[in-house]
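Okay, got some structures for you below.
Shared between the two complexes below is chain A, which pairs with chain B and chain C, respectively.
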Partner chain A sequence: MSRVTVDGTAVEVAPGATILEAAEAAGHWVPTVCFDQRQAPFGACRVCMVAVAGSPKPLPACTTPCRDGMEIETEEATARRVSRAVVELVLSELPEPPAPHTELARVAARLGVTGSRWTGAVHAREDDLRHPYLALRHELCISCGRCVRACDEVQGAFALTATGRGFDANIAAGLDAGFEDSTCVSCGACADTCPTDAISEISLVAQLERS
Partner chain B sequence: MANATIPEAPAAEERFDRVAATTCGYCGVGCRLETRAIDGRIVSIGPLDGPANHGHTCLKGRFAHGFSRSPDRLRTPLIREDGELRPASWEEALGRIVAELERVKAAHGPDAIAGLASSRATNEDCYAMQRLIRAAVGTNNIDNCSRVCHSPTSFALRRSFGLSGATGSFDDIDHAEVGVLMGVNPTQGHPVVGARIKQAALRGCKLITIDPRRIELADYGEIHLAPRPGTNAAVALGLCHVVRREGLVDEAFVAERTEGYEAVEELLEGYDPAAVEEIAGIPAADLEAAARLYGEAASGSLLWGLGVTEHMYGSEVVQLLCNLAMMTGKVGKPGSALLPLRGQNNVQGSSDMGALPDTYTAYRSVEDEEVAATFEAAWGAPLSRRKGKTIPQMFDAAVAGDLKAMYIFGEDVAQTDPDTAHVIAAMESLEFLVCQEIFLNETTKYADVVLPASAFLEKEGTFINAERRFQAVEPAIDPPGEARTDFEIIGEVSRRLGHETGWETPWDALDEIARLTPHYAGVSRERLGSQGLQWPVRPDGTDSPTLYDTTFDRPGGRGHFAPLPYKAPGDAPDDEFPLVLVTGRILQHYNAGTMTRRTANAELVDRDVLEVHPVDAARLWIGDGDRVSVRSRVGRIEVEAKVTDRIEPGHVFTTFHFPETRTNLLVGQSADVNTSCPEYKVIAVDVRPISEQPSFVPVLADGD
Partner chain C sequence: MSRNLVELIRRHHAVDAPTALDVLKAAMEDHGELTDADRRRAAEVSGLPEAAVYGVSTFYDDLLAPRGRRHVRVCTGTACFVAAGERPVEELEAGLGLAPGERSADGSVSLAETVCLGFCHSSPAVRVGDQVDAGAGVIERVLAGESRAAAEPEWQSLLAEPVLTRPSEWRGLRRALAELGPERLLSEVEAAEVRGRGGAGFPAGTKWSFVARAAGPEKFVVANGDEGDPGSYIDKYLMERSPEKLLEGMALAGLAVGASHGFVLCRSEYPASKPALERAAAQAREEGLLGTAILGSDLDFDVTIIEGAGSYVVGEETALLACVEGLRGTVSARPPFPAERGVYGMPTVVNNVETLSNIPFVAERGADAYRAVSPDTETAGSKLVCFNERFARPSVYEVPFGMTVRELCEDVAGGLRDGARIKAVQIGGPLGGILPASLLDTRFDFDPLAAVGCMVGHGSILAFDETADMRDVARHLLRFGADESCGKCFPCRIGLRRAYEEFAADGPVRRERFEELLEALELGSLCAHGGGIPAPLRSLLTHFPDELGLA
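Let's turn to the complex of A and B:
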């Protein structure tokens, strides 16, 4: 066991536990976007940045293991500035604000991010509604990789792939043939984990458009 | 999205007007689900972090809910008049039922009446049904559809170990070095457990798959054995033979915890790998490798499904699997569990609740004076000490004219039970048939009264999953129209037959179940929480994730080795019927398809197909997608062929999800010797193409 403090609260965590787990044990919130407890930590989004005494830069909480005696600050100014900036950057590419119930919207709200300072290109609408249950709206994809990992690590269908680079980074079902013509088993784990509704249930998309 | 304002995020629930936490009604995995409804319709279902599903679910649990508001849901009682079903009031329908049941009882005695509980219904529904049949009608003619799937498992586990349930939990899969899967295809039939097994395999758990078909998990495993259908016993005996020959027996476990091993040792002499190869057609070297892999591992779990049970000697094969586990000491320890994957959501519970012709709750015999007296006192009604009829016996008795009336709820026997022609003859022979259903189906065609009941999404109560886990079921929506919950209906019929249960809600029934059943003594609604309780549950609420860690639940506390030899299955290919048909199910549909066919799952898969190996297909001039005729000794169907090498040459496979296929016309009367579970898995058939273009039909040589 290692003993660490999170915002002054002392907690004991199991060997190998991450800062994120320690923060949770201490009851302190750390913003995350690419993290899902059903999947191995990925460390891609850089939203979960925290300060650690002695470290010159903020560290990602989801992938950094605790060391005995670590002093962690979840709301340290630089770390929080990085988290907010990342969320703003992510939002800047979306053609419309994420729906209020989505994880991205909730993280943004809790971080006090109400918009983006950056203007520029936004994704064009590109919706794939071929599957009877799953809607894939590419313009809402932020390339967090959660759907790909849900498909690999939770279901084991290996139907989703990350594609493209930079601004064009997105996801593809079955090499872009769509869910039905892939190894997809329609389990919906991707829709369940998606923090932006880029993959969601058709029934809910219809609901959204009606309301 | 420059400078766009993001509104304050409301709680997710604000999108929906009714959110409930419940347990899935598809399959025995028992995923915990969150249901979300708007205006009385379910719009979404997502997984909760349950002990069986860990925040995951499959396309049936998550998406296949649209059937609940299908336009053809039964919304009003129906009564047959001049050969047609017409709408009726509840008063009229219930009055008719009571009058007819009382008439039959007066004229022919209570044993001329039988009831079927449903493995899709809650424990409380099933318990209420068996109480109605036992106390209000006065007969033990009560059974449930686990008869036709896992009754052999129940029988065998009771014989070998003592209790009728998995010895461990699905979590054991995560701790097993080796997983042996016999006659089970979890990625199709039990998708969430299938996904868990696949992930375990990707992390290093070594899988041995034993199935006539090359199931998907075989691709992730170490060894795949494809025995001829009906030869599982030889494979199990062969594995035991090699374990013994190679010195992999856990001698201490056998000596201290078991009895009867000597007789098995003698029997095993005859099942060396060469002999097993001869019987089962699996390479001797593969059998040896499989036995070593399992025998040498520090932990190993055995999983099986209907590919083991639905055979003439299914209950014996389960006992042989128990032998294998005991020989290697792989039972009652973390990672070493015997996990039968139960078919329907409450196969475990419907039998646990005593919806069986020979037992009350927790498998206590109706012939046991003390138990019967307990229920008599609790219910205030005289109870029969004579065993009732099993489902197949009910049909035989109906055809023979001894059974006059049946009350069936939640089971479409005319589609799912074997030898459809015989089942229909039985239905037609009855003087009175009540069906309590959510849709009209093949069986309701013969019903005199049809009562509109509720789907699992409209119910309250508990299910018991394949890990013996009681889990709470909460209604996501209300039943449509005038439909009522099964629990309400059964209680009302009981009352009108003069037997008042005194329950107001299913939770009152659960309290009674706990009070009258020592194994469930500590079960209560409050204690179930989100994690459920695995029976036996002690009065203080302590449950039992693992059974038999120190002792077996048999007289003397020892596990029993059954010396059972291989015996040939009830059917075998010959010149007239040269292929062996195996039947089963697929991911997208559930059993008779009553629910899944009424959802967009039917867009994903809209028909049953017959899998044929390319070698057989070429020989029979069958192309992918051709319609073929499949003829067995008792019936004939037409179906579309799918050419695939997932199946071995000489075998064909199909499903029974679509009533238009009527697959079960092909299945004969052969059944498990101990439990009369039908032999759905070994059917000798003749397959021929039916072509619209006559020139493609092969000329069948007749010698000239």
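Let's turn to the complex of A and C:
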């Protein structure tokens, strides 16, 4: 076991536990976007930055293992500035603000990021509505990898992939011919984990409401 | 990347199946573009899911631009940019009637951009098929269909007893097998304090000791030959002029850590590297220096030579391993480090080509001799440096650590051509800081360079003369940064695009906001790409603020 403190609260964590797990055990919130506890930590969003005594730089909570005696600060100014800057960048890549119920919108609100000062390229609108239950809106994808990992690690269907690189990174099902022409089993794990509604379930009720 | 995926490909590797990337590269060579049939076949042969293959096929430059019968690749690396600006791209676009990424309707010719062909000594450079032409008149020759192979200057050593520019006679491996054995070899490498030559400067012996101690049914050695840093052609020279020294270094690593297989990942931008390494490996096998029971000992060690497919970030070690496995070359969070979980999830030594090329000297002559190579500094061993076309005598030189940058620029490379004056030099690649002329007396060594915001990096010394516009330089570096971001971590994926947009627009660069962005990149990025591109920008903000159009 390792003993660490999170914002002054002492907690004991199992060997190999991450800073994020320690913070949760201590009841302290760390913002995350690419993290889903059902999946292996990915370390892509860099929103979970925290300060650790003795470390010259903030550290990502989701992929950094605890060491005995670690003193963790979840709201230290520099770490929080990086988290906010990254969320502001994410908001700038979307052609519209994320819907209020989404995880991204909730994290942004809790961090006090209300919009983005950055203008510039946004993702082009490209909505794939061919599947009866799953809608894929590429313009809302923030490349967090949660859907790809849900499909791979949780469902084992391997129907999704990351595509492209840099700012143009996105996702595709199968050979990019839509969910139906892939190994997708319509389990909905991708929609369930998506923090932006880039993949969402098409419910009959919602369709009726829309029509 | 998920362990499930790695497990899938590990099983296919065990039966010696080609990777998805191998199959896709071969399809491009064969018919110049990828079809879904190619992707399905790549999935079938490699064992990767179709979606994952699709992901690979959209990641690498070499798989994206359609190829005509004559495939023209124009270098947009920093040395070529300094020599000729955007002119090579513009003139080829106009002359061929094609934009980069396009192929003529009749399939006769295609144009693509490529970042650094390693002909920085003779910029601008253009590759036609597998031949690289460079220097004055290159565009005219390419357009006339009369391109020719450019010459490469000989490398030279300033040392009486060179470590890196001497031929290999495999004496280090012979001594290690006959006298040292794995444990003493590892102690020699640790005592020699061989620091990594690929950028990070991490001690190779420490890395090896982690792998030697790690448990695993199999271990691997990977040579990082993905020298993507524009302006650097050092590993190119090592792989093409002295490939046997690299192979010897890898076999020594294998002996020290208990690995029996190695991979060299070289760049597709260097078409001569893979054939040179394969010839050297074949000869070594014939002479009993690679393969089973090497020189009658119980050491088994062999190598596979792999060629990348056009991605700068694949030079980062976790992305490199993903590329070796034929996957998308994206970065993974560490831990786990490759020493613990590397190729196919097994403990893996990953060292740069130059780092490994130092090992035969250490094994043959011992740690003390190695540490005495650079007498004026504590840093052990020598360094290869290379210069761009602005210099009077651009080439690769083996130098001791501790000379001043001015001595390197003026005495070794002869100063700039045609009496031009140095405005600044960028050292060690695009993630290295920019040293203004006023600081040329800084010593070329790890700590003194770090103290002025620079680094040894790969060892390239790239001069900007007094005609260089530093806002153009910033825009060039940020375009490179944004284009090459692997897209995994958010600060780099979005932040470098925003930074580039800020400099590409005609308006002023809003300094306060820009510096906040640099901080998010430096502190937030997953790897040294997003974390390092701010270094030259910080240098420019410090030394040339008046040229950047700041507000």
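Miscellaneous remarks
Just so it is clear, the second predicted complex is superposed on the first by the 203 of 211 C-alpha atoms of A that agree within 3 Å, B and C clash if a C-alpha of one lies under 4 Å from a C-alpha of the other, contacts with A are read in each partner's own complex, and residues count from 1 in each chain.
Simple rule for what comes next: a residue touches a chain if its C-beta (ideal position, glycine included) is under 8 Å from a C-beta of that chain, and two chains touch if they have at least 3 such contacts.
Since we're looking at a predicted model, the values are computed, not measured.
Once chain A of one complex is fitted onto chain A of the other, the partner contacts of A:Ser143 are limited to chain C, with no touch recorded for chain B.
A simple residue count on chain A separates chain B from chain C, and the partner touching more is C. Shared-chain residue A:Glu153: touches chain B and chain C both. In the superposition on chain A, contact is made by A:Ala109 with chain B only, not with chain C. After overlaying the two complexes on the shared chain, residue contacts for A:Gly178 are found with neither chain B nor chain C. Shared-chain residue A:Trp118: touches chain B and chain C both. By the touch criterion defined above, A:Leu94 reaches chain B but does not reach chain C. Overlaid on A, the two complexes show chain B and chain C touching the same residues of chain A, namely 92-93, 117-118, 120, 153, 156. The touching residues of chain B, counted against chain A in their complex, run 1-10, 12, 14-15, 38, 43-44, 46-47, 54-59, 62-63, 187, 191, 195, 198-199, 202, 587-588, 600-601, 603-604. On the side of chain A, the complex with chain C involves touching residues 33, 40-47, 49, 57-58, 60, 63, 65, 78, 81-82, 85-86, 89-90, 92-93, 117-118, 120-121, 142-143, 145, 149, 152-153, 156, 158-169, 172-176, 182-183. Looking at the complex, you find that chain A touches chain B at residues 37-38, 91-98, 100-101, 105-106, 108-110, 113-120, 122, 132-133, 153-156, 180, 185-189, 192, 201, 203-204, 207.
For chain C in complex with chain A, the residues that touch the partner chain are 2-5, 36, 39-40, 49-55, 58-59, 311, 328, 330, 332-335, 482-491, 493-498, 501, 513, 516-517, 519-520, 523-526.
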